[in-house]
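Across the two complexes that follow, chain A remains constant while its partner is chain B and subsequently chain C.
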Partner chain A sequence: MKWYRSLKTTMNGWTILSILIVSFVILPNLSILVQFFSEPNENWLHIREYMLQSYIQNTLILIVFVGFFTLMIGTSLAWIISAYDFPMRKFFQWGLILPLAIPPYIGAYTYHGILNYTGTIQTTLRNQFDVTVNQDYFNIMNMPGAIFIFTLFLFPYVFTITKAYLARQSTGLIENARILGSSSWRIYFQVVLPISRAAIVAGVSLVILEVLNDYGVVKYYGIQTFTTAIFQTWFGMGDLQSAVKLSGTLMIIVVGLLILERVMRGRKRFSFTTTKVKLLQPVQLKGRQKWLAFSYCMFIFLIAFIIPIIQLLQWAFYTYEQFFATEFLGLIINSVSVAFIASTIIVVMAIIISNFARLNRGMLAKTFPKVTIIGYSIPGAVIAVGVVTLFTSVDRQLFGFYEWLGLEPTLIMSTSIFMLVFAYVIRYLAVAYNSIESGFDRIGTNFTEASRMLGMSVTKSFFKVDMKLIRGAIFGGFILAFIDIMKELPLTLILRPFNFDTLATKAFQYASDEMIHQAAIPSIFIVVVSGIAIYVFHHVLEKE
Partner chain B sequence: MLKSRFTLLAFIILIAGLVLAACNNSEDESDGEGNDEEEEVNIYTSRHYDLDDEIYAEFTEETGIEVNIINGSADELIERMEREGEASEADLFFTADAGRLHRAKEQELLQAIESDTVMENVPEKLRDVDSQWVGLTKRARIIAYHPDRVDEEELSTYEALADPEWEDRVLIRSSENVYNQSLLASFIEIYGEDISRMWAEGIVQNLARTPQGGDRDQASAVVAGEGDVAILNTYYLGGMLNSADEEEVNVAEQLEIFFPNQETTGTHINVSGIGLARHSNNVDNAVELIEYLSGEGVQDQFASANYEYPVNENVEPADVLQEWGDFEEQDINLSILGENNADAVRMFNEVGWQ
Partner chain C sequence: MFIHIRNLAFNYQGADEQTIKDFNLTIDQGEIISILGESGSGKSTILRLIAGLEMPTSGNIMVGDHCMCSNSTFTQPEKRGVGMVFQDYALFPHMTVEENIKFGLQKWSRKEKKQRVLEVLELVNLQDYRKRYPFELSGGQQQRVALARALAPKPKLLLFDEPFSNLDADLQIRIREELRRILKSTGVTSIFVTHDQDDSQALADRIVVLRSGEIADLGTPNEIFGTDCSFSERLAVKPRVLSRV
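Moving on, here comes the complex of A and B:
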């Protein structure tokens, strides 16, 4: 009887749905994961001997530095903007998310374009002042350059999640610290950083996963990382099996790191227990401090957004005829509609799993969140292979059914947009999940428990209590997923139906063949659409 | 409890409905009139030039056959075709490297193209031995140099660039790039493994900087003085000479072109080529398109817009290319590039060519 009762208490809609979602995520990856346990072959030995050591070294340098810089920039900006008032603060609240709208590989091409021999800076120096500079000073295509690019275009992950957290954080802790006379620095290091740990971890881990997954920037800048090894094995040696072993290794490292963080955090939890959700009141800055805060935000905004955009506009000017030749309206509609549909599904799924994981104990509740990360830690192209395998086999199973419906027994599912949306969901579930989980983490379970005690069901408690408290985190997760999908490449390229182009695929097609001028217009559109999304959602949040 | 679960269920159904709606939508778009009898041909392509789209549109206008496209990197497309198996919708596979075409053939994804027209249009050397794929445009991997710092007399062969006198002067992109892989693959065929390995080692010794950027970046780096010679593909220089950016034109104009190995084994060439998918449902239409693409009209367009060499011998290359003059090509069947690809990649790793 006992097991039955425990089953009855845990087996509700949330559990069933969570199990369903998790199996959705695992299913296409199974065909991939199985290969992880295959026998090492000759290629594998070659990889181990010649590639792994230096590639792992490069990867570590990259993630440690990018992680550190995005953490410092992201949290300091979030703190300054949440706690102080200074000129243009309102704008920076959303303006500093904008760099996320520029795909890092486009940023990499753009900065190289600004700095290289034929770029604006050197050309001006040469033609106007007759100065020829040492190329080494202007070379961005190296490790520090890659760290610079990733930091600039990825820090908003940390910024957004931390800011959402600070704005509604138990303002009490910070105000108490202020009353007790702590200096700003001290509050930042001793209060803000420790209490927002969950948010910071969520943000930084997104950054790190994004870096691990990148192929565009490191390939163009000639830096050999783990991803390079994966692709060289797959494409260069035609050995998908060893490539999958590599991604598996990568995934295990990532999941290991996340678990380690959990363990280290131990039982330290900072959730507020009062009902007074007070917004942090920004302190008006005066004099030099005011301008210092402003300049810091402005500086980051300039280098991470304005400068690359100006360069893109200049290139767009070279190729303006293309604007009339291409049907950009169609591309925009394609990009926006798939991104919107997929991110909505992602958010719903992320809510279900995180709510389940938070309210339950036991193996399932502990492992499910880790599963969401699978899609984000395997390179997109590898996921694509898993998804195609799954869908074609489903299609084959359904041939009979198609005929019964009077259709031709061909590939229907796997040539439809459904496959692409499905792949996006697997890939970006972690993005929304991390944001929503940190939201849940902040409110703890006290309110839900109270609500349950008062006789409401889990579902009712969720809609009536929890959802209202974490609305910011939900919107945050939605925006991040939306923008990510707007920029997404490998999945879109390989899984899309015939003749289905998006802004990102257009931009990439040109950029990959060194036609960077032609890539400018679609890139600008990506930025504009994502920018509008960021602006709209920011205002929705403000209104609350 | 029941009611709230119901709400959740309703929500999920709503979302599922949305997705389905999106599916239908896109199918309407891709199928045009949604008519089964409509003639069509489906291409998986890794080429992405605006010109290609224009050519397909003209083809549709002339023949009434709709051309549907999926774009992707060559390797991903091969993988997709492999996974789709017999049910694959692909009729043609179009990519910019003979090595990749050969890989598709080896994985049994292609079938023989039966068309006398195509065989007439494309010289034997640029076709697969079993005619499973044919080259459509040709590109040469040449040496570009700065005339102030290098005398043409100093240049002779690819191999010579591995000599000690070129230390710190050679520029070439990463070994990840398939054009470099095919270059080394051709050497493995011509000279054997040992000499090829020595060549790769020598080049690594002589590199002016760690490989970075694309072919155009190598050209800029020569002009900027980072190195004296660069190994790159012809059409990138063609593109730079005709760029909207004055500075790029400026860079390209300062460089001179040298076709290496003219006295010995010939300059390395590669092709953009097209293969007929084994499980194609529209073989006739597909062959008709290949005939069209290898015909004089389209070959002329390829040549003039993209600075590639036409494969059809009745067509003249673009003016820029003609100025560079004729040259002797490596005399190997291009399938070899695919056969030796994996060996080339391994060799690059072993000698530490990044």
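Moving on, here comes the complex of A and C:
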């Protein structure tokens, strides 16, 4: 009887919808896992014998080096900005997050354009100073170049998380170290890095997941990784089965990395148990030190944001007339509308699951949030493989239904925009979920309970009380998901319907076709929209 | 008896020990009961069980003729007709005092709502604060608004979770006297939990002393505190025969 009572009490609309949403998220991943164990074909045996090792090797080299360099740059900038006061410090606090507005694939072809034989630097050297340089020094389309690009445009993940931790959580320890007379280098290496371990691991993990997800940079620079291999196997060889096996292998690596992250973070969390937050007071730097700190921040800001932006603007200046035509308008409409629809669905789903998880106890309430954020850890190409296999089998099941409707029994679902939106939702659900969950955490459950004690149901309480109190978090979640979708490349390239282009796919296509000037306008549009969102999110919403 | 709690037991998920063990209590209509205990004794949990915010592992709760909870039934908090004043008041920050009070009157007509808001504001002496937002009120005023909001829908039972913990000592003494006056004038049955024996003594008709989720003592304030030995000593002794349970 008791289980029936519990079931009856907890089984409401929120629970049922949460179960449905989580099933949607799991299904494509399950379809990969199921097919991963199917009988291998010849292609797969060939890949495993001759190519898999180099995919793993290249992927590992990328994540190790990018992880290391983003750690060094991200944490050092976070430390300088949290602990010291120097010119433009306040601007750098959010200005150094701006490189996130430039997707690495745009950064990749922009830097290639700057550094190659016909690029700005070499042309200027040749024409103005009659200097011809050794091409080897300026060739960026190789592994070190890819590491450079990823580091430059992904370090803000480590920077933001570590900065937030240092500014709010570490005050006592750092002030004690200062009082004990430690030098700032010693504090950085012996206090800051060890105590920020959990935050750093979280930031670097995000960077690594982004690197694993990337298709644009590695494809453009000709580096064979898992993602490029999935594309090649699928579209080059027409072998979806082997693509599934590669995806499964990559999923195993990702899960391994996530477990490693947990182990490395240990039992540490980002915050201490105290609720008393004391902000770290920055020390005023003087003389040479002041300008050194400023120069370091400015140098990173210049190479990671200003220089690529100026280059893109220059290219845009050559081609803007071609672009302010209907084609460009169509690209904007496509990008904005899919991003808007997917972000709206994402936010609604994230609200349902987070509200269910916070108001219930038990296994489902504990498991669902973890499953919800899985999508963000899984590279886009893998999700694409899972979604396609799922939708193709759904289409096959529906052939009879299509005939009954008088339609030709063909692939309808798996060639529609619906499949792309579905994939976006799985991939970016975590982004909005984290924002909304933190909003719910901030308000706690007291207001909901008060509302229920005044006769309102859970749903009415949500609309009349909770939603109004967390609207900033909802808006933040929407913006983050929207921007990520606007920038998204691998999923869109694989799953877009025929003749459907977004700003991201068009920019990448132009760059791949060596029409780099034409790539500038859609790229700038993406960067500007992302930049505004970053500004709103970190500057305005954080203040709120 | 108006409220009848029988064999109530509860444990939080993952906890080794039961938070509430075999809790029995009957309460008369209009009675003010205080549940007194130290931190972690389970007193707030009992309140949450009565409110329906937690589901007991076993036991029954009857309010009037209605079974709120048994092994086969569970009435959701919004359907219990029970009011609650939270420790931090939980006044909705985006609503004015008037809107906060009207919140629980959704099924009332507009005219009735207006009338009821005026009544309860008068009861708590805050007629001039209708249009203020919670952050524009002092701690004592917020507490009175929370009380007015809980009283407005005319609940069968009113629950208070540490109602004075956020008030300074002077205000605490004034407000608890005022609270007793209001509760007695409305005739609403009330249960409040506190760790402060002065609050219990000043407000309650009967006191339940709770220790490790079990009733350690039960009686009128005189019966509980009217002896020479200190309260802490009494907490340490074995429970007396709980004749009125």
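In this section, the second predicted complex is superposed on the first by the 335 of 544 C-alpha atoms of A that agree within 3 Å, B and C clash if a C-alpha of one lies under 4 Å from a C-alpha of the other, contacts with A are read in each partner's own complex, and residues count from 1 in each chain.
The rule we apply is simple: a contact is a pair of C-beta atoms (placed from the backbone, for glycine too) under 8 Å apart; a residue touches a chain by one contact, two chains touch by 3 or more.
Quantities reported herein were computed from a predicted structural model and do not represent experimental measurements.
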item: Partner chain in contact with A:Lys468 - chain B first, chain C second, else both or neither; value: second
item: Contacts of A:His517 with chain B and chain C, given as first, second, both or neither; value: first
item: Broader residue contact with chain A after superposition on the shared chain, chain B or chain C; value: B
item: First, second, both or neither for A:Phe418, with chain B first and chain C second; value: first
item: First, second, both or neither for A:Phe86, with chain B first and chain C second; value: neither
item: Which superposed partner A:Tyr105 touches (first chain B, second chain C, both, neither); value: neither
item: Touched partner set for A:Phe301, first chain B, second chain C, both or neither; value: neither
item: Partner chain(s) touched by A:Arg452 [first = chain B, second = chain C, both, neither]; value: second
item: Contacts on chain A seen with chain B and repeated with chain C across the two complexes; value: 457
item: Residue ranges of chain A in contact with chain C within the complex; value: 1-2, 4-6, 8-9, 361-362, 446-447, 449-457, 464-465, 468-469
item: Chain A-facing residues of chain B, complex; value: 1, 4-5, 7-9, 11-12, 15, 18-20, 22-23, 25-27, 29-30, 36, 42, 48-50, 68-73, 75-77, 79-80, 83-85, 87-89, 103, 173-174, 176, 181, 210-217, 220-221, 223-226, 236, 239, 243-245, 247-248, 250-251, 341-342, 345-346, 349-350, 354
item: Complex contact set, residues of chain C against chain A; value: 13, 51, 53, 55, 57-58, 71-74, 76-79, 82-84, 86, 88, 90-94, 103-104, 106-107, 149-150, 153
item: Contacting residues of chain A [partner chain B, same complex]; value: 12-13, 17, 46, 50-51, 112, 116-119, 123, 132, 135, 141-142, 219-222, 224, 228, 231-232, 234-238, 240, 318-319, 322, 325, 337-338, 341, 344-345, 348, 381, 384-385, 388-389, 392, 395-396, 408, 410-411, 414-418, 421, 457, 459-460, 463, 490, 493-494, 496-501, 505, 509-510, 512-515, 517-518
